[in-house]
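Should a chain be cited, it is by its letter among A, B and C, assigned in written order, with residues numbered from 1 in that chain.
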Amino acid sequence: MQKVGWDEVSAGTILDSFSQEVDNSALVRPEDRPYADTNSYTASVADWRVLKPVYNRDICIDCQNCWVFCPDTSIISRDKKMIGIDYDHCKGCGVCVEVCPTNPKSLLMFAEQDDNEEALSQWPEKKKKGE
Amino acid sequence: MAEKMELKEVEVWDGNMAYAQAMRQAQIDVVAAYPITPSTPTVQNYSKFLADGYVDGEFVMVESEHGAMSGCIGAAAAGGRVATATSSQGYALMMETLYQASGMRLPIVLGVVNRAIAAPLNVNGDHSDMYMGRDSGWIHVATYNPQEAYDMILCAFKIGEHMDVRLPVQVHQDGFISSHTAQNVRPLQDEDAYDFVGEYQEKNAMLDFTKPVTYGAQTEEDWHFEHKAKQQKALMDSRPVIDEVFEEFEKRTGRKYNRVETYMMDDADIAIVALGTTVESARAAAQIMREEKGIKVGVVSPRVFRPFPYEKMQEALANVKAVATMDRSAPGGTVGMLFNELSGALINTDKRPVLTNYIYGLGGRDMTIENLKTIIEETNANAEAGKLTVPTQQFSGLRGPKLSFF
Amino acid sequence: MSKTIKNLKQFSTANERFEGAHLLCPGCAHSMIVRELMNCTEDNLVLSTNTGCLEVSTAVYPYTSWDSSWIHIGFENAATAVAGAEAMYNAKKRKGTLPNPDAPVKFVAFGGDGSTYDIGFQWLSGAVERGHDFTYICLDNEVYANTGGQRSSSTPIGASTTTSPAGRVSYGEKKMKKDIVGIMGAHGAPYVAQVAPNKWKDMVKKLQKSLETEGPCFINAMSACTTEWKFDPKDTISVSDVAVDSLVFPLYEIIDGKELNITYRPKNILPVRDYLGIQGRFKHLFKPENQHVIEQWQKDVDARWEYLQRREEARV
């Protein structure tokens, strides 16, 4: 956000969550919310990442373990399906990969600069018991 | 609905009852309070009003003064009228939260009954607490008797809650001399008082769930300065609003208040500048000295000492040759606050009167007419000599060898 | 009213109210706990937070990560801040001046262990004693993490912190942590519980119970700290699993200060040694001269588990 002068900062250092009235945000999906510029939803922490999680839809069983444990509200689930990763807000901690129960995992960490399509093409095979 | 209280045209109230009655009439939503001498009766009186059905709002008896102001801040941010009262050590314990209330621009009213700060422990009146909090970003209003204490609490809500101000306001009165001394008070009837104060106007209310707000964000070096500057601007901009509120109050009551109060200053050669009940004593002494010695002395007092009435003090003291500033607080290794403020205000004026500083009345020591007469005589001597004839700072009313500095 | 949450799939339909791009460390358990709280109810929330990691990471001007009204005052007074807001709600409800009179609301305060066990304890105790209708959630990472890892009265024996460092003649912190859950239970609060984010279902159930219970409720939430406990950020959940399976963080609840229920019994109880071994803060305990501390740890954990089981049986 642009650094404004004293005359333009909010009185009392108040920050708004939304730019318009929202009856109950618990009932409104993020994509339908009028986020204010001052909501961190509009900001990015992508530059914190060294590694990034890549998500493989073909293997995912939509268990939502990654969703519940993500510390950065970065697993996007809609209608009980995992549909993607919010790379603006993901810090690359890797918790989602650790808690993923599938074999092989549906989420794996790759270098931040790696291409996602290429990462998917290198996905490991199912591990056998004892491997 | 809360019961209305029938009030006589003239009631006999002490300053604590005056605070409590004004708070009751303002129909406060939340009072979070903790008792401390000498402001305890304010809280007790208010509790009794609640017990007897005269109060609709919540009364939260918290576990400390820090908790009291914390609760007030939470309640005010939630969006409603809030007030409390305290003194001395309680005020000191509240200190952290005083800055937070003003920084968040929450129009809380705090009735202070001034008392010394330990050590040594002392329950009596001086201005140590008032001075401690003077830079906390609140509007500070001084009063000299229960009538003024009552009037200023009512004005405080109207000033602080004004949409162009939104700042917390402290009203001060002296411990015991004002707070525990029953005097005649002419109150407004309940409807009139509430009509004057007006309905609370919400701004950034946490309880307005359609507009969620974040209070108390962190600002570091890239934002903090701008926020504090904005707060200072708001405090300075409260001055015309205070004048407006005082005018409206005069229309309703005939009682005229000014940001700087002057007494017999029209032809004055010298002036005493003081705060609190001493203003009344100084006025009496001035009258006596005019009659007995023909000294043209007047009394000037900043009714509102934050925002400091810089220009109005310059104006009030434009024609005097010498000024005695009277500080009822241990100065902590320098000159008193009023001396400092006045030096700052007068250094760039044409006449630059000779300025002295008297430290007096600590821990409830009386400021006698005799002592005031001496101060007036010394100030008059300074005026005649056109320079200091006594040390800059003297302790007045103190036992033992004379103590002075600078 | 809390919604019924049967399984994770259903839980995942919640519309997040705690936004990303907050500044908590990668892998921080604080935000897992906060997300679960905000996702387990559809009621409006009025929140407060003591100074600490959560506060300095979620409201740094010009950004807020909160989609509900939120206030931070100081290090110690989040309980009182939300109590004041609750009092305002009651006053305005009575007077008929609420802006959204029919909207259901819950009041919740967050604090770290430093602000809960130490500097803010008086404010918490007062607010609970007065009976305000709110839930206080302690995000317990056993250290002043925000200020660089100083010991708090929640820091357990043997932990090396920046103010109880392990050294040539010291094994680190000398005392077992304060029993905050027992202390809050002794207030007679209607609902007090200990939770861990890895046991999400147990946690959601307890969070919902605390929101639905009238009066002051207290939740001590284990918050494994990747930075100060010194483990890899990806391991937050696995470290938490060992914490509850070794009974270092037993999961239980206390109702009305009396009835104690253990809500999770590990099938295989792991030795405390396993818990200590996966965190850098306890590394020095594995030197031969510090073995006695590990033994002491195990004894304390065993004794605590025995006590909890007896309390549960006794029903008093």
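What to note about this one:
Definition applied: a residue touches a chain if its C-beta (ideal position, glycine included) is under 8 Å from a C-beta of that chain, and two chains touch if they have at least 3 such contacts.
Only a predicted model underlies this, so the values are computations on that prediction, with no experimental measurement involved.
Of all chains shown, the one whose average CA position lies nearest the global CA mean is C.
A count of contacting C-beta pairs for A-B and for B-C identifies B-C as the more extensively joined pair. Subunit A and subunit C have centres, each the mean of its CA atoms, that are 24 Å apart.
Separating the CA-averaged centres of subunit A and subunit B is a span of 53 Å. Subunit B and subunit C have Cα centroids separated by 43 Å. Within subunit C, contacts with two or more other chains are made by residues 44, 59, 61-62, 64, 66-68, 103. Contact with two or more other chains is made by residues 13, 15-18, 24-25 of subunit A. The residues of subunit B that reach two or more other chains are 209-210, 212-217, 219, 223, 227, listed in rising order. Every residue of subunit A that touches subunit B in the complex is listed here, in rising order: 3-7, 9, 11-18, 21-25.
Those residues of subunit B whose C-beta lies close enough to touch subunit A in the complex are 103-106, 166, 204, 209-217, 219, 222-223, 225-227, 229-230, 233-234.
Listing the residues of subunit B that touch subunit C in their complex gives 29-30, 32, 56-58, 60-64, 66-67, 70-80, 82, 96-97, 100, 200, 202, 205-210, 212-220, 223, 227.
Listing the residues of subunit C that touch subunit A in their complex gives 8-24, 26-32, 35-36, 38, 41-44, 58-59, 61-68, 103, 197-198, 200, 226, 232-238. Contact residues of subunit C toward subunit B in the complex are 44, 46, 48, 55-56, 59-62, 64, 66-74, 76-77, 80-85, 87-92, 94-95, 97-100, 103, 105, 122-123, 125-126, 129-130.
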